[in-house]
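Okay, handing you the structure first.
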Amino acid sequence: MSKHRIMGLFSDFEQAFAAIAEIRAHQIPGVSVDDVTLKSPIEHPEIEEVLGERSSHVPKFTLMGATFGITFGFLFLASAQATFLVQPQGGKAVVPFPSNFVLTYEMLILFGVLFTLVSFLISARMLRRRDTLYSEMVSLDQVGVLLEVDEKNAQALKSLFQRHKVVDIREEVVR
Amino acid sequence: MSFKNILEDWARYRRTREDGGFHVYEHKWGMAIDLNKCIGCNACSVACYAENNLAVVGPERFAKNQVMHWMRIERYWDEPQLAQAVPASQYQENGGSFLPMLCQQCMAATCEPVCPVAATYHTPDGLNAQVYNRCVGSRYCSNNCPYRLRYFNWFSYYESSWPAPLHMQLNPDLTVRDKGVMEKCTFCVQRIRRAKDKAKMDNRKLGDFEFQTACQQTCPTTAIVFGDLMDPETQVSKLWAAHQVELGKAEQDKENPDLRGYRVFEALNTDPKIMYMERVREV
Amino acid sequence: MSGNEINRRDFLKIMGLSGAGAALAGCDMPSYMTLEQGKEEVIPYVVPEEFNIPGVGVWYASTCRQCPAGCGTHGRVREGRVLKVEGNPGSPINRGKLCQMGQSGLQGHYNPDRLTKPLVRKSGSLVEANWDEAMDAIKQHVGSGGAGNRFAWFTGTVSGHQAVLLQAHLEAMGSGSGHHYVHEVVNTAVSQAVNREVLGEALPRYRFDQARMILSFGADFLGPWQSPVHFSTEYAKFRAAPRGILVQVEPKMTLTGANADLWLAVRPGTEGVLALGIANALLTKHNRDAGQLPADVRNTIARYDLDTVTRITDVPGDRITKVAAWLNERGPSLVLSGLSAEGQEHGYDTAAAAMLLNIILGNVGKTIVSSGSFPFPQLVAREGSTQSLSAFAEALDKGAYDAVFFYDTNPVFTAPDYMALGAKLDKVPFKVVFTNFRDETAMHADVVLPIYSQYEEWGTHVPAYQGEGSFISVQQPVMNPLYDTTRGFGDVMIDLLKMRAPDKYASFKDYYGYLQQAFASFPAEVKQGAASEEAFWQQSLQQGMVPVKRKEGGALTAKAAAVAIPDYSQNAQYPYHLIPSPRLGMWDGRHANVPWLQEAPDQISKVVWDSWAEIHPDTAQKLGVAEGDYLRITSDQGTIEVKVYIFKGIHRDAIAVPLGQGHEEYGRYAKGRGVNPLKILSPLKDGKTGELAMFGTRVQAVKAGRNEKLVRMGGSEIQAGRKLVATVTADVFRRTEGGGKDVL
Amino acid sequence: MSVKNRGSWRRLGVSHSRCNERCDVGAILAALLALMLALTMLLPANAAYAADEGGFSVPITAPTPEGYDGGYADDGFKVPNAVPPKGAYDGVNVEQPIEFPHYIHTKVNQINCMYCHTYARRSKVAGIPPLSKCMSCHLVIATDKPRIKKLTEYWEKGIAPPWKKVHDVPDFVHFTHEKHLKKFIFDNPGMPVEKAFEVCAFCHGEVKNMTVARKVKPLNMGFCVRCHEANNGPNDCWKCHK
Amino acid sequence: MQTKDINEQIKWAQINNDVLRSLENPRMAYWVAVGICVAMIACAVIGVGYVYTTGQGTLDLYWPDMWGTWIGTFIFWIGMSHSGTLLSAILHIVHADWRKPIYRFAEAMTTFSLMTAGLFPIIHLGRMWNLYWVIPYASDRGIWPNFRSPLVWDAFAIFTYLTSSALFLYIGMVPDLAICRDNARGWRKKLYTVLSLGWAGTDRQWRNFRKTYLLMACFLIPLAVSVHSIVSSDFAMSIMPGWHVTTFPPYFVAGALYSGCAAIITLFIILRYFFRFEEYMTIPILEKTCKLTFVIAMAWTYLNAIEFATVWYGPDQVDKELLINKFTGPYSPYFWAMLFFGSVMPFTLAFEKLRRHIPTMFVVSLFLNVGMWLERWMIVSPTLSLSYEPFAWKVVWPSIVQWAVVFGSFGWFGLLFLVFVKVFPSVSMYEVKEMVYHRRRAVVDDNAKALHRRSSDPQPAAEMPGA
C-alpha cells in the first residue's frame, strides 16, 4: 500500500504547534513526532517545546576544525622555518613562539570557520533539491507541518489539521 | 635531508639575548671611526659611489630626498657635551662636527626580523646582508632602522644615472640595483669575499688589512679602521678593547669613562658593529 | 710588459666576458625564464698577457691629474676597463689615500660629453673634423713659417716631460718661455713670493707633524690649497696625541675652519692686521724678543695694540689674547696664510705679516724647513697664477699674438668679465685648444684637439710640493683609449715639434718612445742600480714614480719683510665683501661635469647640484632673506643672482659664493647650473705680485624676490640632544691617550 | 539521504537523524586526514628537496641533443666525495661562428677541459681560450679542415671569433669556477685531474660528447641549492648574490 | 516621537515587499553613483599603473618616510571593517535585538572594506609582481617568507578575516536568499536558487543554522580583535618612537570600531533615505548606534590620552620629542584636526536632539571618519619623517598620484557596496520578522495577562500575521 506525504500550511503558529502537540500525543497511529518536519519563515525557539530536543552536530566539527587548525598550523609553520635554506634569524629562535602563536591562532580560526561551514552544509541537508511539497508561503509568513503517513492514516491527519484551522493542505502519494 | 634540518633546527633555541641568530660566526666585521681625525671631506662617500655602483639621482630627486648615498657625512653645528664650555657666540667658533654614517651592521639588527621575504638577514661573517634579487620593496626594514641607513631605489636609474659610456665604470663584482629594491652599505662585501676566496684558494687564514673597504682605503686621515672583531689581533679589535667597548652590551661599563669609544644609539640595544671615537676640541 | 705598444694596446682591449657588462638586477622572473642562450657574445683575447686573467682585477700605477697636487694612483683594470682608482701607497704625497676628486676622475674619463673628434672652425662655426684636417690647419698657421714671438702657450700647471716639450716647442717656434702663461685660480703664488723674499725659498716644507699649534690665516689646507690629500694626511699626524691646536682665521668657514678648535671670523682683508695684533701681544704681553726684526717692522707692530686690532678686525680681544697665549706656550707652532687672506690688494703684506709671526715664534727651521732643490730643473712644475691671466689679457689687448695654444686650462670660464677674455680671444687669428670637453675656451678656438683622458695618457709629473723625499711621478695608461679618434697630448706635441724641428724629433715615433728614451737617459744614481734600462722602465712603471735625490737646502734663515697694511675702509655703496670660495670637490670649476662631485654635498653647507650664497643670520635679517631666497649680488662689474644659505660660519660683512658652477658649456652636468662669482670681480690686483685680488671685491646685496628650494642634504643641523657626535676636551684626550699612553 | 530509505534505517533500530550524522562524521574524518596528508606533502621536506630529476625545475621536453649519450662516463667513473646535482634542461642549439667540436678534443684526443679553459681554476670565469692557444696547435694540426681554415682567417686578421654565450646565470648571481674546481678536483682526494670533465659535467653536461656546447642543466637556483645541500656547500645568500 | 525600535504591527508580507523592492529597478541616482565610483576607480588604476611603470618615487615618498598615506589608508580600511563584526557578532551574542535591521549592510561593509584594504599593501610594494613571495609555498629554492615579519602576519590575518567575514555574511543571508528565490524571476531566480543552497526553512535547517551562526560569531569576535592587533603590531613591534607603544593593539581596535560605527551611521542614513527603509532603520536604532559610537569614541579618546601620558612621563626622550613635534611641528594642523574630529566632534552624539536630526548625524559621521583617516596618517608619517636620526628629518608633501589612489579606493568600496545593495537584500528579512514576531508575542502576552486569558487562545483577527 502506498504512502502519503502531507503538508499542512498554518498561518497561525499557535495552531500549528497545537497540531504537533496532538501528533506527539499519538492521536494518529504509526506517526511519531520524530517524523514531523516543521517548515517556517523564521527561527522558532518554541520549536523545541513542540518537537522535543533534536541534536545538532555542528559544534563537534567546529572543535575538530579548530584542533586541526592548531596542529597543522604550527607544524606547517615550524617545519617551514626549520627547512629554511638560510636561517635569517637576526637574533631570534629558529621556531619563534610569539610569531608562531599569532599565525597558529589565525589558522585555528580559519579552519574552525571552514569546518563549521562544511558541517552546516552537511548536517542541515543543504545542497539538495527541495521536495515537491515546498510552498513559497513558508518563506513568507506561514508554517508548514510535513508528515509521511500510510494511506489509512492520511484522512485522520488531514482532519487533525482541519481542526486547527489549516489554511491549505498539500499531499502527494509516494510509490 | 630537510627532516634533518627540522630536527636539528628545532633543537636550537635562542642562545643568549640577541647574538645575531644561531650562526657559528666565521668573522664579525666591524669598524672604528675616529672623529678626532675625520675632517668630513666626503672622499669616503665618493669612493663608495665608485666602488658600489651607486646611482646619481640628480637635483630634482635629491630635492625630494630620494637619495642614494650608503655613506653619508652628517654635519652638526652643536656640541651637546661641551655646551657649557663654549661661550655662546654669534659666530660658529667651535667649527662643525662631522659624522660619517654608514650601515652599522648591527648584530641585533632591527631591519632583519621585519622583512616579509627574508631578503635581509645575518650572514655567518656577522654582516647584515641585503639580497637585492629577493627584495620585494616593502620598505619595512628602512622604516625600522633607527639610523636611517637604508636607501630605496625609487626609480630605475640605469639609463638616467649611467649614460654610455659611463656604464663601463660599473663594478661587475656586485649587482646594479633596479627599481623597487632596498639597498645599503655592505661593508664592501665584494672585497671581503674576494679576499676570503683568495685566502681560501691558497689555504691560509685571512690576515688583517689584507683588504680594505673603499671608504677606509681612501680616507685621507685614516680615520676609518676596518677589520675582524672576532680576531683579537686585528687593529680594530685592539681599538675596541683599548676603548673598552664590547659587543652585546646595551651600555658599556668602562673603568675609565674618559675613553672616547662609543656606539651611536647603543641604548636601543641594536648592538651596532661600528665604534666611533669622540671628537676632540681644545677649549 | 713588452715595449711593443701594439701588444700593450691589445691586451688592454675591452673584452666582453661574463660580468664585463653592467650587472643589472632585472630579477623579475626566475632565471631560467629570463636567460637567453646565444645572444650575448664572448670575445676572447687574441694574444693574452699571462698575468691578465679575465674576471680578476689588475692594478696599474699612474698619477692623478684631477688637481695640480699630483697624487700617485693605482687603477683597477678588469676586462680592459678601469673600474676604480685608489691612492698609491708608495707615493710620499698621498700615502695610498685619495680625495673625492681623485676618486671621481673615472667619470671624467667615461664622461658621456667627452670630446671624441677634433673640431675645426669653418666659416665661423666649429665643426667636427678628422685629425688630418686639424693638423693641416695647425701646419699652415704655425707649421713652418711665421709666429716667432707672436706665439704663446696658455696652460694650467705643467711639469715633467710635458713641460720640457712645451719649452722645446716654444723655442722651436722662436718664442721664449716668457710667452708661456701658466694659470691657476687656486694657487699659492702670493705666499710663495713672500717665502722667496723672506726665506729665499718659494716652497719650504711645512712640518705639521712637528707643529703643536697651527695658526692659519685662510689657508684651507684640508681643502683646495697646495696639496689637499697630502696635508690631510699630515693633519692626521698633527692631531694625534699630544694633539696640536688649530686656529683658523678667515671671513668664511672653509673645511679647515670647520675642523679648527677655534674659528675666528675676521673682517675680510684685515687678516694682516690681526697677525700684527697677535705679534704685538706676543712682544708686549709675552715679551718675545724682537731682536731679529728691523726697526720699521717693530714700529709697525707697535701700532697695532689690542683695541685697534679689535676695532679693525672685528675679532674679540679675549680671542686675540687667547691665541697669542696659545702661540706662546704651544711651540713650535706654524703660521700659514692662504687664498682668502692673500686675495687682497695688500695680500702680499698680509702673507708677510703671517710670516712675521713665524719669525717671532722662531718656527723657521723648526716647522718650516728647507725642501732643497730638485735635481732636474727642466722638469720642475711651472706653477700657475692669476697674474699670468691678467698679463695674458693685457698682451691680447696689445694684439701681441697671432697664435695661442691652450692646454689643461679654461681661462674663458675663470677670467672675470672685465677682462672680456672671450672677445679678446676672438681677435687672435689662430687658437688651438687641447681638451677633453667642449669647455668655454674651446668654443672660442679655431682648432679643438680631443686628447686622451688621464687614464689613457703617458706622462711624467713633478708635483710642486712633495713633502719628504722627492720623485718624478709617472703617468701611464691604465686602459686602451675609449675613442681611437682621440690622441695623446704628448704625441701631438711630438708631431708639432716634428713640424718645426724635424731634425731633432724625427727619431721619435711618439711620446711613448720619447719617454722611454728620456728614462734611458736618466743618470745612474736615479736608476737605483736597475739591471737594465728595460728593468728600470718596468720598475718605474710598477712603482708609478722615480725617486730622485734632492739637493739639500741647508738651514733656512729668515729676514723679515716690511709690512704696510692700509687702514680698513667701509664702502657705503658696496657694503659687503664677495668671497668667491673654492670648493674641494669643484676646485676652480674644472670638475663641474662630474655627476659624483655634483651630487657629493658641499662639506659645510651640504648643498648639491647648485651655487649658493652663504650669509650670516644677522645679515640675512638685515636683508630680509630666508634660506632659498634669491639674493641679487652686484659689484661694479656686474650682477649675479643666487640662492641663500644662512649659517654662523661667515663674517657679517661677507657674502660667500663658491666657485665651480655657472658654466655656459662643459657638458650636460655642468651647463647652466648656478653662477660663477669670478665673473663680477672688480679689477683689483695685489700691489706686489700682481695677483688678482680675488677676495677684494666689494658688493651690494638685495633680495631678488624670487624663491626656490635650496637642494641640501640632511634635515636638522643640530643633534637634538642625541649622542651622535660626542665631543671631549683636548685635556681629557691628552690625559687618556696623550703622552705615551696612546691607545693605538 | 532521500526520504525513501528512512524506513530501512529505522529497521536497524537507530533514529535516522543521528545515524545520518554519524556516517557524515566518518566522511569528514576521512576527508580531514586526506587533507592533512596532502598539505604535509606540500612541505619541501618531501616535495622540493627529495625531488628526483630536479623537483620543480624545467623538465626535458625535446629529444636529447645530438651526440649526447645521456649517461655518465663510459668507464662508469664516479667523482668521489661528491653528489652530482640533479636536474636537466633542454637548451637551444646555438649558432657559433665556428662549429667547435668539443668531442674531438676531449673524447677523441683526451684533452683536459682546463687545458683550453685555463682561467677556470684561477678566476670566477672559465674564460674562452685565446686565439693564440688554438693556433699553437692548429698552425700545424689539421690545417686542411674547413673549420680550421676559418680559424686561421680570424688569426691572420688578428681578430678573435665572436663566440656566443651558451651557459649564463642571471647578472645578480656571482658564480665562481675556481672555488668549485678546488672543492671537487684539486682538494678532492682520489679525484684524478684528468677526469676533470666529470666535474665540469655537473653543470655543463656531457660536453665531451657534444660538438658545440649546449645547455643541458637548468642552472637555476633550485639546481644550485640542492647541490649545495647535498655537498654541504655554503647556504649563505651572499655567497652568490651580492 | 518614535520610541519603538520597530513597529510590531507591520505585516510580514510588507517586510518582504519593502526589502525586495529595494533590489528592483534602480533609479537614476543609483546609476549616477555607480558612474562616480567607476570614475574614481579609474583615477586609482591610472595612478597605480603609472607607479608600476615608473617606480614608487612618483608617489613623492622619500628617505626616510617610505610609507606615507597608502599604509595609513590601509589601516583605515581595515578599521572600517570592524563595524560588521561588532554589530552582527558581538550584538548577536548579547542578544541586542535592535541590530537586526541594520547588521546586514554592516557585514557587507566589513567584507568590502577588507577587500579594499587588502589592495594597499600589494600596490605599495616596490616590486609588486613578486608579491607571491610573501605566501608560504614550497619552492625548490628552499626559501620561505620570514614568519617573524608582522607584514606576513598581516597577510595571514587579513586572509582569514576576509574569508570568515565573507562566509559569515553569506551564511547569514541564506534564508533571505531563499525568500528572494521564491519571489524572483529570470536570471535572478537562477542566481538565488544556486545561492540559497536549497534552503527550505525546515526545522533541521533552522536548528543547525542557529548553531552555525552562533559559532561563527564566536570565532569572528576574537578574530576581529586579533586582526587589528596584528595590524597594530606592524608598528608596535618596531623600535621607532611613536610606534613602539604597548597600548597600540587596544588603541587600534578602539579606533577601528570607532570608524566602523561612524561609517555605519553614514550608510544607515543613505540607505534609509534612498531605499525608504524608515520602517526598519528607525530613529531609535540610529540613536542606539550613535550612543554606541559615542561610547567607543570616548574609549578611543581615553586611549589617546593614555598614550600621550605614557610617552610624556616615560623615559624615552626621543618619543617625547616626537609627541611635541606632532603637537607643534609640521604635522600639527592634521594632528589637531584629528583630535578635534575624533574627540570633540562625537560630543554631538551625546545630545538627543542632534542624534535624532538625520542631516547633522550624516555630516558628523563623515567628519568622524575624516578624523579616523587622519589618525592613521598621523601614526605613520610623523614617526617616519621625524625619528631618531635628526640628520634625516624631512617632510615632503605626498604627490598627486598618492592622493589619486587613496581617493580611488573609496570609489572601489562604493562600487562594491552599490552592487551589493542591488543584488542582495540589505536588510535581513527573516531577522526583522523574528523581531516583529517576538515583540508581537510580548504585546500579546501583556494583553493576555491583562485579560486573564491564555496567550495561546485565538487572537483578534487584526493581530493575525499575514491576514
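By written order: A, B, C, D and E. Residues from 1 in each chain.
Here, a contact is a pair of C-beta atoms (placed from the backbone, for glycine too) under 8 Å apart; a residue touches a chain by one contact, two chains touch by 3 or more.
As the structure is a prediction and not an experimental result, all values here were calculated from the model.
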{"item": "Chain pair showing more contacts of the two, C-D and D-E", "value": "C-D"}
{"item": "Most distant chain from subunit A, judged by the mean position of its C-alpha atoms", "value": "C"}
{"item": "By mean Cα position, the chain sitting nearest the middle", "value": "B"}
{"item": "Label of the chain whose CA centroid is most distant from the centroid of subunit E", "value": "C"}
{"item": "Chain centre separation in whole Å, for subunit D relative to subunit B (CA means)", "value": "37"}
{"item": "Euclidean distance of C-alpha centroids - subunit A vs subunit B, Å", "value": "64"}
{"item": "Between subunit B and subunit C, centroid-to-centroid distance (C-alpha), Å", "value": "32"}
{"item": "Distance from subunit C to subunit A - Cα centre to Cα centre, in angstrom", "value": "91"}
{"item": "Where subunit E touches two or more other chains at once, by residue number", "value": "127, 130, 141-144, 146, 148, 152, 204, 388-392, 394"}
{"item": "Contacts with 2+ other chains: residues of subunit A", "value": "54, 76, 79-81, 83-86, 88, 92, 119, 123, 125, 131"}
{"item": "Subunit B residues counted as touching two or more neighbouring chains", "value": "2, 6, 67, 72, 74, 76, 99, 113, 115, 118, 121, 132-134, 173-176, 181, 265"}
{"item": "Subunit E-touching residues of subunit B, taken from the complex the two chains share", "value": "2, 61, 64-67, 72, 74, 76, 99, 101, 110, 113-118, 134-140, 142-144, 146-148, 151-156, 179-182, 265, 268, 270"}
{"item": "Residues of subunit E that touch subunit A when the two form their complex", "value": "11-13, 16, 136, 141-144, 146-148, 152-153, 156-157, 159-160, 163-164, 167-168, 171, 175, 178-179, 181-183, 197-212, 215-216, 219, 222-223, 226, 230, 233, 430, 433-434, 437, 456, 458, 464-467"}
{"item": "Contact set on subunit B toward subunit D in their complex", "value": "1-3, 6, 121, 123-124, 127, 129, 131-134, 173-176, 186, 189-190, 193, 197, 200-201"}
{"item": "Complex contact set, residues of subunit A against subunit E", "value": "11-14, 18, 37-44, 47, 51, 54, 56, 58-59, 62, 76-77, 80-81, 83-85, 88, 92, 96, 99-100, 102-103, 105-107, 109-110, 112-114, 116-117, 119-121, 123-131, 134, 136, 138-142, 144, 146"}
{"item": "Interfacial residue positions of subunit B with respect to subunit C in the complex", "value": "35-37, 39-43, 45-47, 49-51, 53, 56-59, 62-63, 67, 69, 72-82, 85, 90-99, 132-133, 158, 161-178, 181, 214, 217-223, 235, 238-239, 242-243, 256, 258-260, 262, 264-265, 276, 278-283"}
